[in-house]
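These are the structures, in structure tokens.
Heads up, the next two complexes both have subunit A, just with different partners, subunit B and then subunit C.
The block that comes next holds the complex of A and B.
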């Protein structure tokens, strides 16, 4: 297990490095972006030269590029992402409060994607070539090719306006109300992920079914349930887990679209507003937090492989 | 249900396997297996032998459908519902597959694989300590006495060990019938013999019936009492092994026997069966072998022969078998008595001279030691000489070939090719490299991956010729090159996909000799080919050498093949040359224990050491 700890340490160090590099790139992009932040902060009316100068010194905008980045990094170390240019509130707490919408949305969508995608994929693979396989495949194509904002609007119309089952906007207050508000967004987000999950699972299970060891297991009389659990899914698991990681990351990105479609106050809509307002600290903060989340998901996936496949732990070349 | 005394254990009749698109893959196979009998199904690729086995065990691949009748202990099992069929598998009929590297679950420990089908009388799984005890007992039965193996993963074991574990797993529920589909083909020569011996021992000690599927008649004869020869989806001949070997009654069986090069002598003319195995649909309504048969008449081409009983328990699907028996016997005698002394060139020097040649591969991970593929070997090849390198996987024989072509970089020793120092290929000047590259050319093992599928044969050969003759290579040069390897000039227009394996390998040879090299390295050039085609390619190689006078370095694991082609051989084991000398001397009187083991492992060669048990 010592080697596993070492492996973990190396991956963690790499993860920190990735976050650093990405934060630097984002910082550069925003620094070089046209237009000045102090203009955006004041708006067209009060932009007197004195007011601009005060703002510049208040937010440290006259410092050199390196110094500004250093301040940003220093804040990052203390988990301080700075203050929003627009509202003056802490970026950190702004993100945290909105994660209360985005995390349930992304995780819920992920769950829907996994249950529908993996379940459908296994069924389709086992019945490959038959009618049910083709029907599921068609559904998958429809789900994959419908953009989230289109299906979101459709759901809003059918279940929100026409049937009146679900609320049409807002994030809701309290646990149950929020959950109620999130049902349609989660289904919308989940369907897109489910389509991609379905296709990858089907391919993984079909190729696992064609393996020699699966044929050998059946030839020795293992029941089809045992063969599915111990053999087929075990093989397909590495590929399914990889897809799941990609889908989870995709859910974070897709959340932005769904949040604005359903008028949810999540991290995604926060990012869109901040970009429009040229609110640099907020954009930076959201980007760094998202990067850290993505890196963490990837790290978790790598660890999962080591658990799934003993060959990785024992350091043998996979054959 | 008490079976009729005369009813065989397993009876297949009129078995046909078709794809959903209507292609016939197996057409009307009949088969009888008696209790405790070892039966061989022999055939080349496309003969339908594996699909027959899959039909018997009820695992026909998706998209295919089996029809006909398969009776096990008198009960029809072909149309049983999947649930009842699954109950027979493992418990009554079990099966092992060809490749021990893919057959075992890579993520499950060997002990778990062996015991996973075991249940108590009440149908529940065994307790943990019982499973462990069973695993150790089963491993011991297949000759693995190291208890730790039960707790190891397949990737930690050698191919032979994996195949033993697979056999133990297949036999866990003590089935009446074991189907072994090419169980030794993917293994090294010495391990092959061990696994086959193990199967015979198990079959006898358990009184179990064995169906051995193989492409190798010698393997079939050495293991089985009863042999079925399959051709193009049907049975062409059935009979007791000794009688089939002594006097084949079907021209195809005779062809197979003759095409198999003998390991104990060098024959002047290798017998080959012209053409390739047809698909069952292409030969429906006539004798499947007629197009390749020397004795075919109009009768053969107009009706499909039925499998009919002849004297002494044999069945033959040939309408002319009685008429041509005499001629077939003469043909066999003619070929088998020819024995030419090898052209004994003096130990050659001059073309290749390697001294203390070493190759070390960097370790795969930091914990591993560097891999020494060649541990300082001396090799000499004279101009025009045919030298064989014999060894198993891991012997370093392929690395040696790669060194000579500059594909692997030696880490020590000296290497001189055609007067040029080739030890540091990369450091050579452009001209030197050019000279080396045109002096040494290579033919690879797998003709399916060594040709670019998107280019025509003509384009591939033209490219090689252009290196020597400059831009404009006329079609007549390409035609001449194709002619040299026995292919019609029209093949220049074809792409590799339209060629059979043997034809592709001829194209690969043509491409290699286009540069008029002085040395041709052939790395297992016939081992991926069917027996009847092997001889065609070997003949082409012999002819090419005679005409062009080039030297060969022939790398192979097959002693019979090397005997036919090499004047002198080096036997390699674990990166070292353990023995060398004229081919006939080394093979007839091997001095080194390793060579003795290799020679003893040739199927049907029982004179050597008893089978070693893996430790």
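The block that comes next holds the complex of A and C.
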């Protein structure tokens, strides 16, 4: 147990290091970005030299590169991500106020991906080589190769415009209206993840089905349901969990695309607007928060394996 | 009598067209057609895909404009035909560069091993952990590089997956007797890698190419859809969907035509890639 705590501590330290490195790289990127932010803030009409100078000193843009980065890190320590160039509002509250769209979207998409992907993968693996397996496989290829924005616009046209079942844009007010507005985006996001989940689950279950102990369990006369739950899924679980982590991370990028396809006001579309507006503090804040999320998901997944498969825990403690 | 039965079974199997094969043939036809459009699309377009005619904006299908026009009155059919160029050549360049670089690195890492392998693999793991589309959106968006930078970034982000398969395949070859024989004969490492290992990992290389193409196609067109890829005004499938999706009421074809071309091309390229994989795997079993 002690070695596990040590392992956890080391992983957390590595996670902090990754966030630091990424924040530095993004900072360099923003520093090198063409055009000056104060011009972007003021626009061509009001850009008098005095006004530009005020803005420069206001946002600390005259400070040296190192000092600017230091200010950012200092703010980060106090959970302050700085102020938006465009609106002047705090980047942190800009992100949290949009989580009401992005979190349900990403989690809903993740759920759809897991249910369709894992369910379809198990069915296809059990019927491998048969017609239904091949049909599911082809459906998987279609879902995997269709970009999220393409299926999104297609769904908007078919279910929003042609059939008129769902709203065409906006995030909706109130809980039920919001949920109603999020149905098509969640399905769009979920389908892309489902394709990859399906493929990985099928491979994992097929290889589990070929194991000797599974054949032996079947020979002992256990029902196929028992064989599946007690043997096959146990073996396939580690690989399925790994895929789930990958899918969850994918949902972050997918959410940005889906939000801008459906005109939702979430963190992803906030990132894209900030990029277009050259709103550097916002871009940096969202990027750092996203990096931290990605690192945390990876860490949580590694810990989950240790719970699913105790052999990994011993391996981690050994190295 | 036994032989005749076997013979007739074999004949029947050879001549019956399975639904899978028909699908593969269709996919191959779509891929060939898409490649044709990428080269000649702009030539066979009935109208200049860039010509703006504000008097004929947002039209539904009419004579002279088979698929109607967009807000600026540009002919959708012509733009859809010409838009194949960036939508297909971009990913082709990405897939080719990705596969060439990752094969060289994978061969070296897998065959040479030791510190070289450890270093390459560690760097690879770091890049592999990045979510490609998100990184591409931020880097291309902030630096404003457009299509060219998008291609470079997507090559870098697509290398890790491909590197892993090529490295694993080379590693597998390294332990085989024929490599040992070549080494005993005194051949140099480069010669062994180039003449002996490379041909034997070609199946993995070809499979990587199709996988990289599909990912690059999806990601690059997404960048264009988000306005971060091709320059404004360029006829490009991804950009057309973005520009015309507000026209779903006036002229749905303005968004649907490029959209269906994107889906058909991506699905077909993926199916052809799978068929090539299957054929190589079947050949391997027969040997």
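Following the convention adopted for this analysis, the second predicted complex is superposed on the first by the 314 of 319 C-alpha atoms of A that agree within 3 Å, B and C clash if a C-alpha of one lies under 4 Å from a C-alpha of the other, contacts with A are read in each partner's own complex, and residues count from 1 in each chain.
By our rule, a contact is a pair of C-beta atoms (placed from the backbone, for glycine too) under 8 Å apart; a residue touches a chain by one contact, two chains touch by 3 or more.
As the structure is a computational prediction, the values presented were derived from the model and not from experiment.
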Spot which of subunit B and subunit C makes contact with more residues of subunit A, would you? C
Looking at the overlay, does A:234 come into contact with subunit B only (first), subunit C only (second), both, or neither? first
Counting only touches as set out at the top, which of subunit B and subunit C does A:157 meet: first, second, both, neither? second
Please work out whether A:290 is in contact with subunit B alone, subunit C alone, both, or neither, and reply first, second, both or neither. second
For A:129, using the defined touch cut-off, is the partner it touches subunit B, subunit C, both, or neither? Pick first, second, both or neither. first
One more residue to check, A:249. First (subunit B), second (subunit C), both or neither? second
Which of the two partners, first being subunit B and second being subunit C, lies in contact with A:272: first, second, both, or neither? second
A:141 in the overlay: touching subunit B, subunit C, both, or neither? Say first, second, both or neither. second
Touching subunit B in one complex and subunit C in the other: list those residues of subunit A. none
Spell out the part of subunit A that touches subunit C in their complex, as residue ranges. 26, 29-30, 32-35, 134, 138, 141-142, 144-151, 153-154, 156-157, 160-161, 168, 249-250, 252-254, 256-257, 260-261, 271-272, 275-276, 280, 283, 287, 290, 294, 298
Write out the stretch or stretches of subunit C touching subunit A in their complex. 19-20, 23, 129, 131-134, 137-139, 141-144, 214, 217-218, 221-222, 225-228, 238, 241-242, 245, 248-249, 252, 255-256, 259, 262-263, 266-267, 269-271, 274
Going by the contact rule at the top, pick out the subunit B residues touching subunit A in the complex. 57, 59, 62-63, 82, 86-91, 94-97, 99, 101-108, 116-117, 153, 155-156, 166, 169-170, 172-173, 179, 364-365, 367
Touching residues (chain side subunit A, partner subunit B) in the complex: 128-129, 211-213, 215-224, 226, 230-231, 234-235, 308-311, 314-319
